[in-house]
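Next up: the structures, one after another.
You will see chain A twice below: alongside chain B first, and alongside chain C after that.
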Partner chain A sequence: MSVIEHKEAPEGSPRRALARQTKPGRRQRGAHRNTFIAALPYLVPTALLYGYFLLYPMLDSVRISFYEWSGFRTQEPTWVGLENYVRLFTGADPVFWKAFQNSVIWVALAVLIPMTLSLLLALALNRKMIGRNLFRSVFYIPAVFASITVAAMWRWIYNPTLGAVNQVLEGIGLDSWTQQWLGNPKIALYSIFVAAVWQGVGFNMVLFLAGLQQVPPELVEAAKLDGARGPQIFRHVTVPALRPTFVVVLILTIINSLKVFDLVVGMTGGGPAQSTQVLALWSYSQSFSNHNFGQGGAVATVLLVISLCLVVPYLIWALKGEED
Partner chain B sequence: MAATTVTTAHAARTHLGREAGRRKPRDWVGIGLWIALLLSALAWAMPFIFMFLTSVKSKADINALSTWDLPTTFLWANYADAIDTGNLWETGANSLLIALVKVPLGLLLASGAAFALARLRFRHHKVVLGLFVVGSMVPIQVALGPLFNTMLRLDLLDSRAGLILPYLAFGIPYQVFMLYGFFKAIPDELDESARIDGASTFRVFWQICLPLARPALAALFILDFVATWNEYAMATTLLQSQSNWTIPLAVQSFSSQHATDYGSLNAFIIMSAVPVLIVYLMFQRYFVQGAFAGAVKG
Partner chain C sequence: MRYTRSTALAATAAAALMALAGCSSSGDDSDGAGGGDVDLKVWMATQEPTQKEAIDTVIADFEAANPGITVTLEERAVDSHKDALRQVAGTDSGPDIYWYWEGPGLGGELVENGMSLDLTEYYDQYKWEDRFSDAALAGITQYGGFDGIPWTMQGEAIYYNKTLFEQAGISETPATYEDLVAAADKLVAAGITPIQFGGTVNWHVMRLLDALIETKCGADLADTLNTTQAGWDTEECVTEAFTELKTWGDTYLNEGFMGINNDDSSQLFYTGEAAMAFEGTWFDSNVAENGMNPDEVGIFTFPTDTGRLYGFGEGFYVNATTTHADEAAKFLDFGTATASQEKVVGAWAAMSVNNEVDPSTDNALHGLWPDIFNAATGLYVNNDQNLSLDQTTEYWRIQNSVLTGDIAPADAGAEFQKFVDAN
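Here is the complex of A and B:
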């Protein structure tokens, strides 16, 4: 059926001939309706599950954000209009701003540091060398660990007296650098970020490696024949060919930064003194620890809006790009 | 910086190679790069080494020795302790059960939807696809509060079945997106000729499209298994009683309640990751393929 709307239908195919005979407009509409009915059995179970357990809860957060509710079944939610948002944006909830600020810092750092690192690793490991697969594995393996597990590991590594970081610093005579890595409100967020870099670089590296396979070798050869040198080839051949990969990695990095949750829960729980609070965790804490589903919903709505502002343009770009 | 060195070195090597014929020049840049990589890889592996060393140390050893010292005696009993304290068999069985029900079922559902979207291109199918994909990119924490209410209303809170339903929904978007790309790449002539031979839509789906998508399905199976095994946020929201816990909940509880029991804590962490490590080592190439498909399709 798809043949009708597909340009590359073979010239002699009977359906093609049929399509030419009938009036194109009517024919097309009828075909669309038929394909839609045929598609329903394949689409409906999936769409129902997805809609009911994912899409609807996401949108329901917006509804809840207009109510005040403890989350207990015995209590009825009361409508409070925009009050929850007023609290957020007038500074009545200082933790929200701290969380917002931390999420922004996290996004900025994540775009700068792990992206650069993973690109460098991918470029280096794209060469043929001894032990290449072993290297790739070492950098990738942290990515298959659960974030909550990585958090538990790093909590031990950061342990003030027995942890590896402080012991290594003492061992090389930098005693004054030893820290309460997760206990100092000024640096705790960055300590968590280091664990995130350790875990996340491998995945981006694999994406970049995949992107590098797309760099046409003929182009590199041609550039060389024209006398281009290494840096020039990199700038004028490799970088343009990597552009789609850059966009994918960038979007995924930003989205994943907004999703940071497990690592913070596992390493500091948002503390000390809410200094490592992030939006995703604050929404959760407001609902489930502070029994304030309305406030939690408002934070979730802010997070939803930020995510959609990033995701929707990206999706339009991605889906337009692969036009049929 | 390294980027330029890489390409320069590469260019230099092939250039020299052409001029000098058989004689192999020493590739100093390459050697320097290799050493830098070796050092970085060692740094990357360090947390694993520390974790293993701690997992076989007694409490006395942990207090007296440095992190990088070998233990005076290898105390494998930490592992047995960890299995008991962390309830490893029960939580492991829960995680495995959930993953083994969720992953195949989820893939089947996702392939159905992807097939409908890619092969039966009805009007506005791209809008529907977009709606599906949005869900994979919005942080799941946005949905947790209402999801809790939904499960409460359905009386499915604190049950493994109750966790599988949102897990299915959670995995669908990404898989639909991936499989959509894969199904779309199948030439139209293939199912056209099948249809002319009288095959139904279902047979086209089941006997033509699904078998062709086997590599993509394998990659998604692996990725989804790891993601399901590792999922924490929804599990901690929806599960309460310890007998229903999955591995990530057990890890978190172990690390907060027996935090000073460093030896067995690290032993537990290692054991909790064994299944995903096995899966990774056995199916390494699928990880690359999965990421590859993602990078190409966008």
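Here is the complex of A and C:
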């Protein structure tokens, strides 16, 4: 129909001009529609699995947060409205705020320390040097270990009597520096965080290394010809080129920090005295250890909201970049 | 092949049908419920080597005597075992039989949520009431029916290293709480760690707190406190108990106990670095298996001055969702029968729950327990079996906070009561 109309429109008329503009758009939309239909058979099974195993439990967790339920199939959940959230925010749950605070501390530290370390490592290992690949591998290897394995290793390293840390300190005459690394509530969280840095820095280093490959060498050369020195080149050429990588690493770091669970479980179980409790673990503990699925769901929902606040802007940014 | 909208839609529909078909039951009777061979799934906490050997013996003998029934044993660490059972409760994914503790806070919770089959019919059929002592049956019948079958009666007391006691100049086992503190002081003076605990598993240090509450509050008040019938914020003895706990943590427990678990801390006892361990009858086997000479180890009850023994019962429960109740009952009957128990007595506890079976003599420590049980005027139970799950979590948090100095002993009782009242 539209083709006939276009043919009938006189040359140079506004209608003809509009037709020229809209014709490719319609073709494009049609092509998109055909592509979408063609992709449907491949999308549907995945979408069904995604919906059943990811979306449904997520939404169900939010639903459960408005009920009191022990998690046993034999017991009917009781509607309690916002009571579980009131308990969280009014301090009736004595652990929630500690877990919240620890999660915030973890995110802040993760953004500051491992990101900086991994960038420095990437910059160091981006140069031509002997053993470069060996060093890259050495720093990356901890990232492939299962977190629970890392936890078991570090638990031994921190053992107050037999652990490597205290033994080394004693060996070099720093006996007074020995600590109950996982038994002292004031430092236990940071002790776990060190293990997380050891495990996670290699992965971010690889991302930064990949980003550094995108820095146009001609820009670096041009800057050098203009008399720029190392720090100036880094600031005015490397950093702007690394901007997309920074955003990806930042967002992934924040998300992974909010999800932190296995290291804490494996090293302290949230103790001593809940001092290393984090939101993800407290949600699990409330649901599966205390059998308060409603309260566990409420903690999970708080975590979900925080995560969405951070992820949605990232998704918008990423999708916008794709369209551009 | 050229894609058209109709082929794409047909393929989509087919994929959806396949996915839905995958979600539905296949109708395959793989559990053997429809006749033929039966596989009984049994879940237990991880067994020590001698215990594993013993349960394997029971299973092998049972399978030999009952062709067509096989038994598959799955073991998990203590906390994983608790989690796994709670997760499968009410579903068809659970075992046919599971080993678990008794008491309202643990076994009672599963019973309350319909995960235990009332075995009254089988108690009549196999005359089990004649087989077990009243004390052993008390833990089974406490919920109103016959939930499970007794497997062990565990007493908990202080194991001590005789050589280290001698080195410290302690000639007699402590008979009063004051004697115990004096002995601990002597051990400290001799440069020996008085007692070992692992703080990352909260229930280990809890034994000390439970015993201190029994000591400071007396049997009757301790019972009402532990069942939250009395106010933790109004009883002075609660503050005294938490104060003593703090003293033990600061002075007498192994260095760094909050950062290690019970397995790690027990090594201090096995290697002669710590003089005492607050453990249960299962520890007899651990002592021997970890290189200690049982003759060099003694046992005395924590001197609470109430005369009661600290301890708990463990049993095998039949899952309410099992389709093999008859076979499960047959297995439990076989495992607790005199012939089976005579073969395995001593593996889990010094004394069998079967009245006709004499105490084990294969470990010198087993011989100490009958007198300890006979001397006891009653039993006081671990608080993670008395309290509800969330109360237990809070009890542990407060216990550990007192030990780390984050909560003053004087505030501990009020802190716990606040939680009890709010929930």
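Points worth noting:
One rule holds in what follows: the second predicted complex is superposed on the first by the 286 of 324 C-alpha atoms of A that agree within 3 Å, B and C clash if a C-alpha of one lies under 4 Å from a C-alpha of the other, contacts with A are read in each partner's own complex, and residues count from 1 in each chain.
Basically, contacts are C-beta pairs under 8 Å (C-beta built on N, C-alpha and C of every residue); 3 or more make two chains touch, one makes a residue touch a chain.
Because the structure is predicted, anything quoted here is derived from the model rather than measured.
By the touch criterion stated above, A:274 is placed in contact with chain C alone, chain B being left untouched.
Touch counts on chain A: comparing chain C and chain B, the chain ahead is B. Contacts of A:71 after superposition: both chain B and chain C are touched.
Applying the stated contact rule after C-alpha superposition, one finds that A:83 touches neither chain B nor chain C. In the superposition on chain A, A:290 makes contact with chain C only, while chain B stays out of contact range.
In the superposed pair of complexes, A:247 makes contact with chain B only, with no contact to chain C.
Look at A:38: by the touch rule set out above, it reaches both chain B and chain C. In the superposition on chain A, contact is made by A:58 with chain B only, not with chain C.
For the contact definition in use here, the residues of chain A common to its chain B contact set and its chain C contact set are 38, 40-41, 45, 49, 52, 71, 73, 159, 288.
Across the complex, chain A is touched by residues 1-12, 14-15, 30, 33-34, 36-38, 40-41, 44-48, 50-51, 54, 62-63, 66-68, 109-110, 112-113, 115-117, 119-123, 125-126, 128-135, 137-150, 152, 165-166, 168-170, 172-173, 176, 181, 184, 188-189, 192, 195-196, 201, 205, 226, 229-233, 236-237, 247-248, 251-252, 254-255, 259, 262, 265-266, 269, 272-273, 276-277, 279-280, 284, 287-288, 291-292, 294-298 of chain B. Remark: chain C residues 3, 5, 8-9, 11-12, 14-16, 18-19, 23, 82-83, 86-87, 89-91, 109, 113-115, 199-202, 255-260, 264, 268, 389-390, 393-394, 397-398, 400-401, 403-404, 406, 415, 419, 422-423 touch chain A in the complex. Interface residues of chain A, counted against chain C in their complex, comprise 34, 37-38, 40-41, 44-45, 48-49, 52, 70-75, 87, 92, 94-95, 158-161, 180-185, 188, 268-269, 271-275, 285-286, 288-292.
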